[in-house]
Amino acid sequence: MRLDPIAIENLVSQYLDEDIGRGDVTTDAVLTRDIRARGKFLAKQNLVLAGLEVAEIVFQWFDPDIQIQAFHLDGDAVTAGKEIARVTGPAHMLLAGERVALNLLQRMSGIATATAEYVKVIDGTGAVITDTRKTAPGLRIFDKYAVHIGGGHNHRFGLDDGILIKDNHIAIAGGISAAIKRARKNASHLLKIEIEAGTLAQVKEAVEGAAEVILLDNMTPEQVRECVTYIRENEPEGRNTLIEASGNMSLETVRAYAEAGANLISVGALTHSVIAADISLKMNV
Amino acid sequence: MRLDPIAIENLVSQYLDEDIGRGDVTTDAVLTRDIRARGKFLAKQNLVLAGLEVAEIVFQWFDPDIQIQAFHLDGDAVTAGKEIARVTGPAHMLLAGERVALNLLQRMSGIATATAEYVKVIDGTGAVITDTRKTAPGLRIFDKYAVHIGGGHNHRFGLDDGILIKDNHIAIAGGISAAIKRARKNASHLLKIEIEAGTLAQVKEAVEGAAEVILLDNMTPEQVRECVTYIRENEPEGRNTLIEASGNMSLETVRAYAEAGANLISVGALTHSVIAADISLKMNV
Amino acid sequence: MRLDPIAIENLVSQYLDEDIGRGDVTTDAVLTRDIRARGKFLAKQNLVLAGLEVAEIVFQWFDPDIQIQAFHLDGDAVTAGKEIARVTGPAHMLLAGERVALNLLQRMSGIATATAEYVKVIDGTGAVITDTRKTAPGLRIFDKYAVHIGGGHNHRFGLDDGILIKDNHIAIAGGISAAIKRARKNASHLLKIEIEAGTLAQVKEAVEGAAEVILLDNMTPEQVRECVTYIRENEPEGRNTLIEASGNMSLETVRAYAEAGANLISVGALTHSVIAADISLKMNV
Amino acid sequence: MRLDPIAIENLVSQYLDEDIGRGDVTTDAVLTRDIRARGKFLAKQNLVLAGLEVAEIVFQWFDPDIQIQAFHLDGDAVTAGKEIARVTGPAHMLLAGERVALNLLQRMSGIATATAEYVKVIDGTGAVITDTRKTAPGLRIFDKYAVHIGGGHNHRFGLDDGILIKDNHIAIAGGISAAIKRARKNASHLLKIEIEAGTLAQVKEAVEGAAEVILLDNMTPEQVRECVTYIRENEPEGRNTLIEASGNMSLETVRAYAEAGANLISVGALTHSVIAADISLKMNV
Amino acid sequence: MRLDPIAIENLVSQYLDEDIGRGDVTTDAVLTRDIRARGKFLAKQNLVLAGLEVAEIVFQWFDPDIQIQAFHLDGDAVTAGKEIARVTGPAHMLLAGERVALNLLQRMSGIATATAEYVKVIDGTGAVITDTRKTAPGLRIFDKYAVHIGGGHNHRFGLDDGILIKDNHIAIAGGISAAIKRARKNASHLLKIEIEAGTLAQVKEAVEGAAEVILLDNMTPEQVRECVTYIRENEPEGRNTLIEASGNMSLETVRAYAEAGANLISVGALTHSVIAADISLKMNV
Amino acid sequence: MRLDPIAIENLVSQYLDEDIGRGDVTTDAVLTRDIRARGKFLAKQNLVLAGLEVAEIVFQWFDPDIQIQAFHLDGDAVTAGKEIARVTGPAHMLLAGERVALNLLQRMSGIATATAEYVKVIDGTGAVITDTRKTAPGLRIFDKYAVHIGGGHNHRFGLDDGILIKDNHIAIAGGISAAIKRARKNASHLLKIEIEAGTLAQVKEAVEGAAEVILLDNMTPEQVRECVTYIRENEPEGRNTLIEASGNMSLETVRAYAEAGANLISVGALTHSVIAADISLKMNV
């Protein structure tokens, strides 16, 4: 996944507008505009850095000449106490951008740090960690990029770039077979079909329907293992069905799912319950 | 704080665009557009509900005739297992709006639930819990509204509707006295002046400068108590300085700060580290 | 493919703005605003109707109470001389929307009519006609919808909803094998991989790389037949490679490609060289 | 007519957004972003070039440092096989802009080529070829610019910059005399009045009303000649009525209209039924 | 001239956003949202009413059910002390819209009142009063509509809907003859040519160039009379040159210009130096 | 108050769009685009300059290389006949931006000039002149900046950055005491409370409610003096109530209000009834 600077600039501009509104009345009252300052981003915990590039865009949106000296790059593991980057420029602009830059950097580094922990826990199993669409509304591009930086894989971005037939679709469509049949007929010839299954019976129906990807939802590791075995024994030679597991994964439980044979493990908490990484920005003249 | 439906609609429309993009290819492939369905929002944990009104706007943005039957209102304490609301309408529209509605509802209820816990912990002290600007970028209106629903008070919305002279301002301006003097001269006559103080020496300077609000940052409860005593003994009769405490508050520590005499206690984690409340939406025909 | 009314309204509003600008100075000078009129859409040639729904949106964008009585629906074959629909409402609004409505209706019906001719020519072969991204900039949603109405299938909408590795990618990536290998590693697990091949040698490389879809570009029907035979004889049991043919198709040549075994035949001229269908709109009071 | 770069950039950006959406998943999967490439625009038929300047804006919208070396300018007659221009830059940006650039260049060159043919056919008659408002919605600025490049004259851009009282206005207003009288009273003193006439009787009414421009619609060349004669014999000395002919013009019939004395001949097909010029873009590293 | 409700709504929405920003903190603090109120618009001076329709749009932008009872219409002469209209609805919405509604109503009525005075002063001369482009930026549509309501005529709306060759054009183009010749060649056949002349010598050049409209700028009434005489004696039979006078017109001087034979007299002060009409809005429950 | 260049650019772009629309048909017809010209801004009356910086933005919006040589700065008193600035660049761009630049410069200088007169009249009294929200819709940022440049102070920008409880609020809320009590409970702790009082009785209620700011509306200077005396004698030591006077101030009456003890005097006419300063722009090659 890659960040498109133009799309990001529009979002960043919206965030700055949200925070600054009609102007920074404190800074305008307290400082003249000719003062230059510098600020240090400090890691106050161990973290995987994500979002520094975005923080740069925040500051440079105001003034292309603001200088940023990076001591670490997105993806680096940074230990508590280390300086991440230094920023130099007009004091009133640094103060106006400070909060938005920190809010993004702390959230994204929080996501990357958590993702890296999940990735480490399943190391060697061959499975990959993926995100979900359970992101903070409006922030999906940043949330998913942070997962990518943390070593996770990205699931579909939205409803338009992948077919995933979920429980609600199946309930309304009248079953897995009917749903797959309709999807095969109507969907783009460039898209695979992923279907959610909550029971072995549903898995069997999905295999029969020749689903290219099967999502095992809210199962125990043992149930996942049973389904994986069924799939591998019953799929035709060339199909290589991809198997995804999901449902309230935690650092404690995730390895068992990987070892049960899932190819992908999706973790909603990576983005729906983010603990911001502790990063400070201290300025002086 | 109140939600302005027009501002919210614009944001909701942006979130839907983020999630749906060019269209819900799964639903379009699997279901015809004439099918109607209903869905149940269920609380899967004890929570303080916030965002149901916003979830309604999500669905009604598609179709004003989608019916929502609410069994609870924003602000209600809902116990695990209870049905929150029921939604009825065209199946393809419910499926297209599902994720955005849940993402907002889960985040906002998570914030309200956490806020209510903080509010409860300081009950009887006379202090109030407030939020900060450490919100998810673009979501400030929802984050702050959820704090309000959870019983918290809202601090300034952005940089333009309140004066708060922080450590970085003071460092650059050359001290508290200089900063207050400039603010008094330049700021709107309708705004009070709040100043951050990290030491008793800074508190003394703030009292001398007649700051209307003093923010005690990163102090121990004992240090807060000492500063409160100093302020109350040294402020002129009619001033009634407001005293705010902040800095890595937790449910364990917050009551000590309230009992130390702070009028307001601001808690960044309410919005920068949100644990989404567990709410599901199950549909059928 | 389905038209999203909200997306269309935005485009229609832009087109009306393009045509009307600051106002219809002729109508404003010649007619008072209290005059009501009616207009008849007439087919002046045999055509497959497409865009009437869009024309309705054009008029109703001005005034939801404008009445449209449709005698035909999108997809109908209409013979020369027949009345397509009747529109009634304020004269100045009908006159302001006339040109945009006709420009869309004539273009879309032109596309649907041409598509239907191609579809008819390959009838019984099992192949399908698809469009390309060679649409008029800004009009893709209308162009592709008209192809759908004419009986064609829609290829990917844009660069983001399908993988198609074309000649330029291959030339830059250093060959088909390298390109497929990278795509397999980096692309979403929900997307198939389509690759363009211009020679049998390239086809062999594509089959070896296990491409799910192969595009045979600028070949003769004989060459297509040879490639199809190769693919079918060399693909593993369960793969069922989809085969697309493209390159300067015409009504004269297209059936030979279908009979050569292509599953999909893409025709750029359907949308890059549109002959507007002749439809008039005559009004009176 | 001139192209306003700012207005064009907005449109180009919209077209790129239409084609690229969330990103070029093929190129992102197959190529790294550090690869540079070059591409050659080749004329695959004889054509009058139009839109190269626009194609440049497409590529430079991504990256101002993309280099374009033009071997021909808009307005040049280019023979089949000739190289039109060479473009050099980051491969992933060239690939992302390729389709939009080609779609515009092929359409605009198609229009310019057709226009130049019409202009050539009436050479020496003193008449001029003009376009109409029968353009592809949203593309009027490009369509009309291409007509201008091809040697045609531009009729009014939209409903707001010229008065043209057409058949529908006349039918609703109750006749030519009434319509002209009202227009004379209400319209800006800076605008001439053009009126459509379908019969000699209507022409007489228009001359009597002192119309500055008369549009002879759907007449034979003989009818046009008769009307021209009437107008020239009956207009007052200083009026110099401009005479326009329109209605299903073709390369075969247009010269007869010019020789019949029309000053302007408007041709809807120039923009409503465009045959894209065949231009390719081949890239390598 | 007519007001297009859609264009106005966009502007009104922008004005409300300017005034309200993040919300009406006073009303939100002081009143609950369930209170209904009514307000009376009172004329506190004699005035020509303009903008009531716009004020309605301001209030109805919030809530379509706000009731407005109008006792006067745009264009009415209202005497001091009279009630103009009554508005009823939710108190917090009336208070939020009050200032924008009044600012527009007072400005527009100020313009209409001043225009009506100019129109009255030249009554019987056959000349008309026109506005200029010296309007408040962003408010041209309202400023020009108010002139229209006051009985004035509207000159061109902007640079794109009429040709007016002014002193700066002439200075740069190298004289009136050159400028007219180029305009005749390049401009749309639907536009007349107006040229500014500051001396009789320039007037002679304009007549020679067959300008359809001549603007006599910054002349005394005597000079205007001399130029009018020259034009009328030297123009060909059918030309009927329109003559406009401009330049620091006042209520004292304008009649002399009208009597000197100018057809149009343009008055910049109508819109560049507006005295707001005194109108109040008093509310109660 | 400070101008935010980004916000201004958006507004300036809107104003240019309003004036230029589809293009400057006069300049395009009369001049080629390769001509360079220069223009002189001349003061044709004594004035306080405001808006030159904005005029620069107007021209540089077209072309960053347009050169502006300023002989005076915003805030300078310029005497009639003096050259304010010189602008050099492409002639067609100077002509396209001329009117918008002048309209802004003349309005803003008119406001600054009037403000400076008010400020001068109350010199030595210690009171300050402030503006109101009675600005031209959409132009508030420019209107208020011009007041600032003229030496005035800015009252709140909009409804969201200050609490001012006015007559209509009081009437609906049921009196001053009730309104203050509610405001104290609900409003942000960072905002003071200003309340309008029309009588001494209301002033007493406001003092009792501990309002931080009291607005004396529509009183005579004698009444203001009486209220000031009451406030000063009855407020607690540390309160220092700010006293504002308003209501149809004129250059003749304003000093009496200042001498009566008002701290702030707000003058609506500064922005609702602006007399444009006379400034010309003459160009040549």
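For reference, chains read A, B, C, D, E and F in written order, and residue numbers begin at 1 within each chain.
Note that in this section a residue touches a chain if its C-beta (ideal position, glycine included) is under 8 Å from a C-beta of that chain, and two chains touch if they have at least 3 such contacts.
Please read these numbers as outputs of a predicted model, since none were measured by experiment.
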Min route length, chain touch network, subunit C to subunit E, equals 1
Looking at Cα centroids only, farthest away from subunit D lies chain B
Relative to subunit E, the most remote chain by C-alpha centroid is chain A
For the copies subunit D and subunit E, the interface residues, called same if over half of the numbers are used by both and different if under half, are same
Between the Cα centroids of subunit D and subunit F the separation in whole angstrom comes to 47
Between subunit B and subunit F, the Cα-mean centres are separated in Å by 35
When centres are defined as mean Cα positions, the distance from subunit B to subunit D in whole Å is 55
Two or more other chains are touched by the subunit A residues 21-23, 25, 28, 157-158, 160-164, 188, 191
Contact graph of the chains (line, ring, star, complete, other): complete
Subunit B partner, complex, touching residues on subunit D are 21-22
Seen from subunit D, its contact residues with subunit E in the complex are 153-156, 160-164, 188-192, 194, 213, 235-239, 242, 264
The answer for subunit D against subunit C in the complex is residues 11, 14-15, 18-31, 35, 37, 39, 91, 95-96, 98-100, 102-104, 106-107, 110, 133-140, 157-169, 171-173, 179, 182-183, 185-188, 191, 269, 272-276, 281-285
In the complex, the residues of subunit B that touch subunit C are 22-23, 25, 28, 33
Seen from subunit F, its contact residues with subunit A in the complex are 2, 4, 157-158, 161
